[in-house]
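The first chain written gets the first letter, and so on, giving A, B, C and D; residue counts start at 1 in each chain.
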Amino acid sequence: MIVEMKTGASQEEVDGVVEKARSLELGVQLNLGTDKVVVALLGSNTGQIPTDIFAVLPGVESVTRIMKPYKLASREFRPRDTRFSVGGVKVGGERVVVIAGPCAVESEKQLMEAAEAVKKAGATVLRGGAFKPRTSPFSFQGLQKKGLELLARAREQFGMPVVTEVVNPQDVELVASYADMLQVGSRNMQNFALLTNAGKSRRPVVLKRGFSCTITEWLLAADYLLAGGNNEVILCERGIRTFEDSVRFSLDISAIPVLKKNSHLPVFVDPSHAAGHYSLVPAIAKAAVAAGADGLLIEVHPNPKEALVDGLQSLTLENFSALMEELRPIAAAVGRSI
Amino acid sequence: MIVEMKTGASQEEVDGVVEKARSLELGVQLNLGTDKVVVALLGSNTGQIPTDIFAVLPGVESVTRIMKPYKLASREFRPRDTRFSVGGVKVGGERVVVIAGPCAVESEKQLMEAAEAVKKAGATVLRGGAFKPRTSPFSFQGLQKKGLELLARAREQFGMPVVTEVVNPQDVELVASYADMLQVGSRNMQNFALLTNAGKSRRPVVLKRGFSCTITEWLLAADYLLAGGNNEVILCERGIRTFEDSVRFSLDISAIPVLKKNSHLPVFVDPSHAAGHYSLVPAIAKAAVAAGADGLLIEVHPNPKEALVDGLQSLTLENFSALMEELRPIAAAVGRSI
Amino acid sequence: MIVEMKTGASQEEVDGVVEKARSLELGVQLNLGTDKVVVALLGSNTGQIPTDIFAVLPGVESVTRIMKPYKLASREFRPRDTRFSVGGVKVGGERVVVIAGPCAVESEKQLMEAAEAVKKAGATVLRGGAFKPRTSPFSFQGLQKKGLELLARAREQFGMPVVTEVVNPQDVELVASYADMLQVGSRNMQNFALLTNAGKSRRPVVLKRGFSCTITEWLLAADYLLAGGNNEVILCERGIRTFEDSVRFSLDISAIPVLKKNSHLPVFVDPSHAAGHYSLVPAIAKAAVAAGADGLLIEVHPNPKEALVDGLQSLTLENFSALMEELRPIAAAVGRSI
Amino acid sequence: MIVEMKTGASQEEVDGVVEKARSLELGVQLNLGTDKVVVALLGSNTGQIPTDIFAVLPGVESVTRIMKPYKLASREFRPRDTRFSVGGVKVGGERVVVIAGPCAVESEKQLMEAAEAVKKAGATVLRGGAFKPRTSPFSFQGLQKKGLELLARAREQFGMPVVTEVVNPQDVELVASYADMLQVGSRNMQNFALLTNAGKSRRPVVLKRGFSCTITEWLLAADYLLAGGNNEVILCERGIRTFEDSVRFSLDISAIPVLKKNSHLPVFVDPSHAAGHYSLVPAIAKAAVAAGADGLLIEVHPNPKEALVDGLQSLTLENFSALMEELRPIAAAVGRSI
């Protein structure tokens, strides 16, 4: 951590910084510049010390953190890629994992049709929302427990693991008893009560990026899961909020190489929520695989025209199947399969 | 709702839109433009119908909502300003309400010192965090129940109502049993499980704006509280995430007149979280009062240098007292008192 | 264009809108909703009429444009993809065009080394900045005319067309006399004086996206070039400004399919300026080709450690050559060559 | 400047950084942390040295600038507030300067009516656009030279200095020969050719903030003007681009105290372009004065319904006059007059 003193800071003010640092058992090196004093604070946990502690001291101009604030999710903490399996499907390996299915579980017929078709096209994990976080209280909120039961039935019938979202800390156990993997949604990425409970569940977790959270904040959220003892975490980029209004969210394609550099966790991409329109999904999905994503999360609906939620961004069964065909040579071009 | 058909859309495609609209009991008017067909859908609840339902139909180019999607929070729903009282303090009236106190309750001594000083300076509600949502799992998470007890004690001693944050849906009852008003924090603005429970509590709620949520989304979140039967909601602007990096968040000063135009709910401003630095707080607080805010939420700490959370943005007792003196003539200049 | 009247707008106010529309020779259709009157304005040029003209009238709540405001750049105006050649290199066809070279022309030796290597690796157009727009007046501003001469010499020697940036309207002729293609940089995308002059030059133009401009504004800027009679315009996405701070700019990968849908102009991607760090360039470049980009613009420097400008985002000659090998199978996977 | 080496960087890599620093005549201090080496580079001009020079060296993890990159505009360079006069009107003093007038000069009648009314209401400088930067080439581009002549005539008649925008570097002399002050618009804030010429003119310059530029970039743009020898520069905040869509731009109210802290230049606010709607202008204008703005730039039109440009954000003469009355007590409340 680097503390820059104001021009003309007094010796007493510099001493104040040094003392505070020593009280925290940090090493201290003074840099007497031509114009101002700069104090370097050294120690293995400076990433976890709030910069405010020093910024608030008299005579301090600015404080800059050098160490990253996240820890367990960092590649420095664990240099090798994390790999694990979700209901028998390997995550983080050579094969790009495609999770597909409807945004919301609406009925047995809808879910089974979707499951059958996505499996046939090559998806290996089934998705479907039972608890739906909706911006309006007047919108369809999901089938809830009934939706979980249908997901379990689909797993039986098609032999695919299922992933579904959990939105309330007290539902973690219930959802974990039905699903092979939990999903924490974008709006809940900083719902720390939910993260704490999900971190204690025995299920892998897909942690979607908060749509306005930096990569650093995202990895801090992953630290909540990892700190709870849950090492099986997938980071899923799903678009960030920007000024551009031709899409619902702007997919941050650079997040893939940035995460690969800074974290050991597998990285997935959800092109559907970013695009907001089915016609844009294929280009984004192809870009994600080319950029090194370990998996995709794609919304597919047997009849988007009748979908209760997000029909516009859902692929039809035919379009999904066609996209899978297009993705295979791209995966091969980057040394992977799909 | 306005449905724009693609250039060259077929009669069958236009009919598809019309049929769908009629199935939802909407009125329909066709506009046969020189270049394209535009279909106007009419009805009193078009604000609550997802645009996707039409956007996904064949031949549709775009769908534009005319009615606002929020309902109970809108000024159209309730034309007169909402006013209520929090532990005897009137909110939404002529007097600008100042809520002040430490970011986190750290100890009895700290809280009592802060309470005494902010009361003396003219604040009428005491704030203090017992449950703290922190970006890192390794940071101080608040005194929790012990913090609530201290807040209750401060209320007794100084005769001020207290407000504190609730972060877990299952804690709503507990927090409501101690506090006069609940706070839903920025990162939980779209935590719909929390909103649903808070909407059923018998306490007024301060709903902070999600730092990347639009005003429309904010009013939809307020709808969750109002739909639960809780009519006593304060909207608190606390800065939004932008590209500017000289502050923690950019305070959206325009939100005040925009909310006053579109909603009946009282509007508060938290200059502390926006600024991120105590030296910027006074200018923002003064701007907020001049722009018509009904109240302020200000972080004050007896000793910011020793604060466990957000010390850098906290005013000292002296600085808070000085700010209150500066605010009075501005309040008077806009026909209010403080 | 759709004009929504306020609830309770008077007949006189509605008549005001209708009259104004008729004075502009627009067709008018009234939609008498249950709650409010909505007026649809019809005509082939409603995209070019400012919405303010109606929004400012008494009784008007909002005005929504249905037609897109850009015209010449739209796919509706010209349904087929625009293709042209730059110094013999075909743009917009089956082959993905790679433009490569140093950010700034620094010396003959540097430029020639870069030119030789990028040509050998498969690039077909050489880039190099002679006039450099720099955020600080104390930074290196480019070799200017001398830089143009070196570019012309490189073209001679290696038989590659060259592209370089023009920053001052009065330099358009000068730059056009040396370069095969002009570049309008991100910070000048809305420099309308420059666009007007570039639109009159006889050279193709690469129009980089303003880093905070929407796709709509970008296509309006392209309209300036096209309106001047210059039909040979390349749109180059180079990253947009967001809150994410791990990269210089967030590359908007969705811009590729959105532009392909709405415009006939070829779409290029500059991964170097978006990433800001050479290690992130390959992943973004691969994503761009997979998503359908018609070309890439990549910064390559024989010795990034000695670069005067943007060394950190420049690939070495070896890294560029390796990237070209990685791009080939991806181009093939989407039915193209490189 | 602080150079953080990668964990495990070799001695040779550290030496490379040290050598590079010495070659630039910078002082060097090594900080041998427990986990990594951090190198502090010291010197009076480290703010002006690109961080890339070090970031690109092998073994370097990150480079952090401590010194600010702008120089002449900084308060460190000139500690006292800059004050000057524009055609006899003092800028930067006790009195808040109100610049008012139409967005575009449309006709003699329009300009004279506006000038007379704004003068009567208390404005001391007249604004009016002769050269208009428009997003579409098909929009009204201003009366140009004829507009300048009308402005000069208004100055004669009403004895008010006039300010108008210049958009083309080669027009600087022409515009300076008519106007008392030049305006560089938001879209041209990083048009360095224009800044260079404006910096050499003998006229004060209003430098509007680029709508997506940081305060640091803004002060660097001011450095271009100051480096040209022009010390009379006004910084004018006019709203930044964010995700919020209820206003055209989000006025960055915090920019006022941030600029006051970091720069000696006077700070103005343009509420009209930020709001985009006349009804929001008063609240923002009042907030700006309360927060310490030295002046306002307000669009006023005798007949907004007939305005050729930006009618929706223009105040009528009556509304402007009423706003001036409301501003006076606020100015008094912060120890100023208007």
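Remarks
Here is the rule we use: a contact is a pair of C-beta atoms (placed from the backbone, for glycine too) under 8 Å apart; a residue touches a chain by one contact, two chains touch by 3 or more.
In this text the structure is predicted, and so the values were computed from the model without any measurement.
If you take chain A and chain D together, the chains in touch with both are B, C. Each chain gets a centre from the mean of its Cα atoms; the one farthest from the centre of chain C is B. Chain D has its Cα centroid 31 Å from the Cα centroid of chain B. Mean C-alpha positions place chain A and chain B at a centre distance of 26 Å.
Of all residues in chain A, those that touch two or more other chains are 212, 241-243, 245.
On the chain C side of its complex with chain B, the touching residues are 2, 4, 7, 27, 29, 31-35, 38, 40, 42-44, 62, 64, 66-67, 76, 212, 241-243, 245. The residues of chain C lying in touch with chain A in their complex are 212, 214-216, 240, 242-247, 250-258, 260-262, 274-275, 279-280, 282-284, 286-292, 326, 329-330, 332-334. Against chain D, in their complex, chain C makes its touches with residues 48, 50, 52-53, 55-57, 69-71, 133-139, 167-170, 187-188, 190-193, 195-196, 211-212, 217, 220-221, 223-224, 227, 241, 277, 304-305, 307, 309-313.
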